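The next part holds the structures, each set out as structure tokens.
Both of the next two complexes hold chain A, though its partner changes from chain B to chain C.
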Partner chain A sequence: MGKKTAAKINPYFYLVPSMLIFAVFLFYPFFKTIYLSLYKTNKMGEAKLFVGLENYKALLSSPSFHNSLKVTLIFVSVVVIGSMLLGLVAAVLCNKAFPGIRFFSTAYALPMAIASSSAAMIFQIMLHPAVGIVNKLLNLDINWLNDPKTALWCVAILTAWLNSGINFLYFSAGLGNIDETIYERASVDGASGIQQFFSLTLPGLSPIMFYTLVVNIIQAFQSFGQIKILTEGGPNESTNVIVYSIYRDAFFNYRFGSAAAQSVILFLIVMVITLIMFRMEKKGVKY
Partner chain B sequence: MSEIALRNVSRQFDPEHYGVKDFNLDIHDKEFVIFVGPSGCGKSTTLRLIAGLEEITDGELWIDGQLCNYLEPKERGMAMVFQNYALYPNMTVYGNLAYALKIRKVPKKEIQERVHQVAKILEIESLLDRRPSALSGGQKQRVAIGSAIIRKPKAFLMDEPLSNLDAKLRAQMRVELLKLHEQLGTTMIYVTHDQTEAMTLGTKIVVMKAGYIQQVGAPAKIYNNPINLFVAGFLGSPSMNFFKCRIKAEADNRVALVMEESGQGKKFYLSDPLTKRMGITANGRQVILGIRPEDIYDEDGARELGIMDQTENMEEIVVNREMTGAETILYFDEQNKTHAVRLKPENKTQTGDKIKLYFDMEKIHIFDPETEKNLLYREEVQ
Partner chain C sequence: MKKKVIASMLALSMIAGTSSAVFAAENTTAEMADASDVDGTTISFWHSMGGVNGEALDTLVKQFNEENEYGITVDAQYQGEYDDSLNKLKSAQIGNMGADLVQVYEIGTRFMIDSGWIVPMQEMIDGDGYDLSQIEPNLAAYYTIDNELYSMPFNSSTPILYYNKDMFEKAGITEVPDSLEGIGEIGQQLLDNGGAGEAMSMGIYGWFFEQLISKQGLEYANNGNGRKEAATAVAFDENGAAKNILTVWKDLNDKGFAPIVGKGGDAGLADFSAGKSAITLGSTASLKQILQDVNGKFEVGTAYFPKVSSSDEGGVSIGGASLWALDNQDPKKLRATWEFIKFLISPESQAYWNAQTGYFPVTVAAQEEETFKQNVAEYPQFQTAIDQLHDSAPEYAGALLSVFPEARAIVESEIESLLNGNEDVDAAVKNMTESINGAIEEYNLVNE
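What follows is the complex of A and B.
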């Protein structure tokens, strides 16, 4: 082998370790899922009968899947808007130096470190119709998690809070990048705090805002643990988001083909949304 | 109209640290006031107190007869230009200029007119669509000034606005600022640590040190009649030369200052009026003699002025020579410090040569080494 060819091939060897990891944990499951989605499987999850797009057709005409899509859409919207607002408000509040700032920043960032399952357990107790603090404080008598009208909101708000921790960090970093003196100039110029927020802070956060939005949407689509613990998709399928529906189809109904098809559809949805957002970013975020 | 008065204004950062202390100043309409001093002297803090960006902890701030201590910045009617320009990065130049008007809900058409008017004055019309990140330092500077003047404020507050520019641009902007001040006729308060800017721009200079005002006055008056050692040394470039001397009563009633640590009997004779003004002339008293580089002459210059008999034995070795074209600056060492002499370009003395120097004794300053006060300071001149 000549020196030249060696020099050409050499770099690829350095890629091997990471490629190997990607292949085992990402590429193989990904293509296997697509493969499975075209088959009927046995209870062990082995592909047995090639059915082509039959799984997809069944899904798209199933009212249950339509419901899942709708629930997911509402869930993701509430989670993304809620978690970003929470993170943003907390970050703006903590952007000024005041006594006890460390305590508050830690408190606002903490949800990031809490496991979704333990948070769900705590919410379960808080939302308990008889002994829960929420009913006690609001002087209400609502069975939050067993009422189809409120269950989705409960899991969505919990998830929003869980995701707000990392958003707080993103936004704090973003706010730190905004030059302090432009606020001083704005206040001499005559802008009120609210005017400053909308004309300086929000545009100043726009680069990080985009990134945070993409991450939040993807994260919200993948929420699972808290739904599994709090509602298990119920009541009456009102919290049956796609990820939970996949889990149920695969591990309760043993319809791995259908579950795989749902995974592929979820993947397509997330990909399309992300692509649209990147397209919009090129036009929208100016800095 | 804008009359700004500061009465015993202090800014205390913590129990032991003051940014500014007991600041008293009257700023009249159309004045160009310069706060000058080394970094950390409280000049920027004072400006920010006037703007309302810092809280006044003691004393009173009056603007046009109104007590303004507790007014929000936007209610004080000032416009400020910041050292780093503080342009809004997400807005175009047009947006930056228009911002202050837009939040005041000025009609769109009027905003447009005024933006173009200001852009024309500052020659930035072609930049209106650009964002700050696409501007050079000088252009940013113009936009910052433009967004200040567009509002027709009571006064302009400028915090070292030229310090980020290169030397040539700075000189150019200096001229333009002066022109602008004439054109607008608005009071300007300007902070700088650059004494050249202070001397050339101001109608009134406020020299500050460690939070206290040292001296207030017109540039030439402060230059010629500094109140103490600090002011004397701060203004002027190269700065004033200081020599430790001792007063010696000579025969026939003459009083001389004898240079210490020189051993060669370097001696400078005081004229009678000067001796009287100085007051205390106790034999053997230590004083500091201050003289500006341009008030020291070589033999030719001294002969012309007729001051040769006032200096004795002042011979020095030149350690450095700077030829700027219009003048020659020679440096010599004395009392372990380097001193400067500003001579005519015809002087050909080279580094290493010896030169005889003569002091113009009418121009000297004499300082008390303890209190650092100027013993020749004239109150009435201010």
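What follows is the complex of A and C.
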């Protein structure tokens, strides 16, 4: 009897170390965030005045937050589609052996080794209206980062390029896993290259594709460095994604309550999207 | 409010087991040890000087550590930008393990005064019998509240107007305009005859907005610019200061003289250095960078920061940062901190600091130093900054506001909306006022 209960409890002890780490670094901050989101905080960031759902109400009725939501969705869509397409095209191109393949593979995977902040600094110079190379080459006079129409696209495309490196790596690995012989059989059957791509390559990639999609969406929601450096959320809040807005409220305006409420909303959004995707996984992904 | 702070500090420090730290917070003068007793004391100094400025500061610290006769060691730590550093200080002070001396930007002044963590500089000055008249009065004025100097000005700058002398000559303009309106009058000449791509590249920068209020001789916030008492609302809506500025700025923008070049103090500099704009506004601390970037392509002239209208009577206030002594209940450390401050503001240190960075020499006597004279001979443009500072007066020292970083950001984004044509001047002023007043109200509510 005693032995049996011991055997039952025993496994849980093995969980304690990891649960402890989770508790300190995940659960505690998580619940603290929810707690803070119900308060107004003083200049030290301490909860001072219980306001219930006031922070959430204020956010949901604030045009600035609506704008942040809209900007974030556009940003995430552009980044995810852009980075996955770039990574996929590059991976498919590099799937065949040809001279110089190493150079190209390295070049396409390179963005993952570049820190977002340093890439942002380089883009800042390249996109400068007076001295930047982009305007010089295209013979244009566009104030890329200070025009509300172009600023979001600039940061989104930069982010897409940065994220494409790791996607290239995943897709290359995914392509390597597809059995070569099915292509041989397909060409014997007379399938064209395009048919092969859509009927064999894409379905073969779907498990890794699903994984990259989930990771990319979450990563895109969390982009920060390039926005802080390139636009600081401007002009006219046209690049004020939620993460940046959280940073501003917390560390600039010292309104941790409102920042915490935004974090909770962001968490809910990402959670809902992830859940939806796992639903879709059952239909679309073939293992 | 003070009592609550003390009460919460008491609670916190009991938890931390260091209850002795609390009782001196009210009305007692901090105790300072004698200079002969501080042998072997180490103090930590948090600063926000990166790059060239950081190297210059490290040189000064090293010199002090090697040469001071009291056996003091200063441990200087770069803590990131001003915002970051202030944030770290906040978390550190909760656990009572912060620095002994910290550099805080000018818009953090009200916060530091209200924080209850500091020893006002005046106490050390009085305790040591230091002659305050050695400090530039217009610099000290910013950090002086109720006739007490709270922090020691260290790296101070003012904004000035930079212009392209070659373009002005080509356009046949002999007199540099002293106001934004005046710039509007010569804008067309600069574009047509001067060969300028844009008449003026003026970054959307809250500091410029504040300066333009000071130049009108008006107030930014109520309660005497937040100096008599903490401000409870802005004043620039009722006294018309904001409307005057935005009307002229918008007009310059509409005429194509001052296009949008971006937010921040440096946003307009690249166009100027590249020879595209004829005029830019910038900090005196940018002078060296500008001369380096222009690299002799054209002659750089400097003039006073413009007024809004030529008939305005006012002056510039300062920006930059100052040194705050933190109250760590350690007389020896306090004395060591004070000795280090005295070293930093000595004429020799300040002349070196000025030559290396372009910040003002805080000490009047630094202008007698050979290093300073050489620097001005090499960069005669710097004389403009000195004259401008001396021509200003303590009453234009500018506002103190608890929520200044946020207020500045609000001003910038409203100006941006205005110039982008999303709202008119009245709406911009109204939005600024409402947002900033709302922020002040909330701050006062939770921090009482």
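Simple rule for what comes next: the second predicted complex is superposed on the first by the 276 of 287 C-alpha atoms of A that agree within 3 Å, B and C clash if a C-alpha of one lies under 4 Å from a C-alpha of the other, contacts with A are read in each partner's own complex, and residues count from 1 in each chain.
In the analysis below, a residue touches a chain if its C-beta (ideal position, glycine included) is under 8 Å from a C-beta of that chain, and two chains touch if they have at least 3 such contacts.
Just so it is clear, the model here is predicted, and its values are computed rather than measured.
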Q: Would you sort A:Gly234 into first (chain B), second (chain C), both or neither based on which partner it touches?
A: second
Q: Report for A:Thr41: first if it touches chain B alone, second if chain C alone, otherwise both or neither.
A: second
Q. Which partner reaches more residues of chain A, chain B or chain C?
A. C
Q. With the two structures laid over each other on chain A, which partner does A:Phe251 touch: chain B (first), chain C (second), both, or neither?
A. second
Q: Report for A:Val131: first if it touches chain B alone, second if chain C alone, otherwise both or neither.
A: second
Q.
Residue numbers of chain B touching chain A in their complex, please.
A. 51-53, 72-74, 78-80, 82, 84, 86-91, 99-100, 103-104, 131, 133, 147, 151, 157
(Q) Under the stated contact criterion, what part of chain A meets chain C in this complex? (A) 40-46, 48-49, 128-131, 143, 145-146, 148, 232, 234-237, 248, 251-253, 255
(Q) If we count contacts the way the header does, which residues on chain A are in touch with chain B in the complex? (A) 179, 181-182, 184-192, 195, 199-200, 203-204, 206, 286-287
Q | Residue numbers on chain C that touch chain A, as the complex places them | A | 8, 83, 87, 90-91, 93-94, 111, 197, 259-264, 267, 270-271, 274, 276, 402-403, 405-406, 409, 412-413, 416-417, 420, 422, 439, 442-443, 445-447
